[in-house]
Amino acid sequence: MATADITIIGLRTGPDSHASEYIAEIQRRLAAQDKVAYQLHGMGTSLEGSADDIFALAAELHKVPFELGVPRVYTVMKLDDPADRPAQTLADKVDSVKNRL
Amino acid sequence: MATADITIIGLRTGPDSHASEYIAEIQRRLAAQDKVAYQLHGMGTSLEGSADDIFALAAELHKVPFELGVPRVYTVMKLDDPADRPAQTLADKVDSVKNRL
Amino acid sequence: MATADITIIGLRTGPDSHASEYIAEIQRRLAAQDKVAYQLHGMGTSLEGSADDIFALAAELHKVPFELGVPRVYTVMKLDDPADRPAQTLADKVDSVKNRL
Amino acid sequence: MATADITIIGLRTGPDSHASEYIAEIQRRLAAQDKVAYQLHGMGTSLEGSADDIFALAAELHKVPFELGVPRVYTVMKLDDPADRPAQTLADKVDSVKNRL
């Protein structure tokens, strides 16, 4: 299992635009599938699933702002794939740090 | 105020290494300062403060794994600076999405 | 057409490891396909193609270090998709800046 | 010495905006300093220097779009710091891959 973080940014949207509009729609798309677990945070959305499923999902989510009229979309993604410790979840990663504090 | 996300990765650390060791030390450094608010999550640490303070802090945090013997450090950072809506916090960004769901 | 940048990092590889080994293999995989144009640079590989093709290719490239024995792989990607100016290439983006200098 | 890659993105700029305007100004600021070497490419600007100098420079460059009237700025940065092989340049990294092809 891999964990990832994705940020999808609308560009050239004008001074009155709100990113929360397309981010809310992205959250609805995430809720409508069950292959990849997800959690919204202040700088993006964390993902948990197979690397293949995460990349395929990212390709779908990247298109969402276009459907809402955004002219240009910029997506930033990072994906951590510890094949040697495949059971590790997002929560495990946080816990393993907190256990050392 | 800006919000940011930072991931600091140790490279060439060997098969038995645990990133949680230096991430825990990074959390202690964050706790020892009060210019930038922070929150650990599964794919990095979210930050909240002025852009200048965040970049200066990032430069300090980036050095922490070296102190613990990591031979090579790779840092990934994204910083969102809405000067037109400067009061926006990490929590505000999440709330503005949730209010649309 | 979209343009993108991908960095694929091997983790827990040991002090004598060389990233150039798996990056060279990634370049060979890129050479063996013709959907996405690519160019190696000092901090990653630039890509040019449809967003769908780029995400699908990223999923394949991400697996390459595992085939060479790397225990953990971390991929960082950014993808710029100007649907309003779809003809823009990587070279166009550089030229449009240089024309202003 | 570290190598890095920085992308500075203007948000809420409107449909007729051109990123090349502020990217050109960023290139002029880079040309006006001599601590950090730089090279523009299609997805960002590669940097080469000490990690401290790169973070300090990033903080300065991040402000440039605001001076040109951009309302919101989003900066993405990655920094590779191989303290165990400190002589490695951007060009060395590309060469070490090409030598294996």
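In order of appearance the chains are A, B, C and D, and numbering begins at 1 in each one.
Just so we're on the same page, a residue touches a chain if its C-beta (ideal position, glycine included) is under 8 Å from a C-beta of that chain, and two chains touch if they have at least 3 such contacts.
Given the structure is predicted, the values throughout are model-derived calculations rather than measurements.
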From chain C, which chain is the farthest off, judged by mean CA positions?
-> B
Which pair wins on C-beta contacts, C-D or B-C?
-> C-D
Just give me the whole-number Å value for how far the CA centre of chain B lies from that of chain C.
-> 25
Cα centroid separation between chain A and chain C, in whole Å?
-> 19
Just curious, how far off is chain D from chain C if you go by their C-alpha centres, in Å?
-> 17
For chain C, write out the residues touching at least two other chains, lowest number first.
-> 11-12, 15, 71, 74, 76, 78, 80, 84
Work through the pairs of chains, note which ones touch, and then classify the graph as line, ring, star, complete or other.
-> complete
Interfacial residue positions of chain A with respect to chain B in the complex | 3-5, 7, 15, 18, 20-21, 23-24, 27-28, 39-44, 46, 48, 76, 78, 80, 84, 89-91, 93-94, 96-101
Using the touch definition up top, name the residues of chain C that touch chain A in the complex.
-> 11-12, 51-52, 55-56, 58-59, 62-63, 66, 71-85
Using the touch definition up top, name the residues of chain C that touch chain B in the complex.
-> 9-15, 17, 71, 74, 76
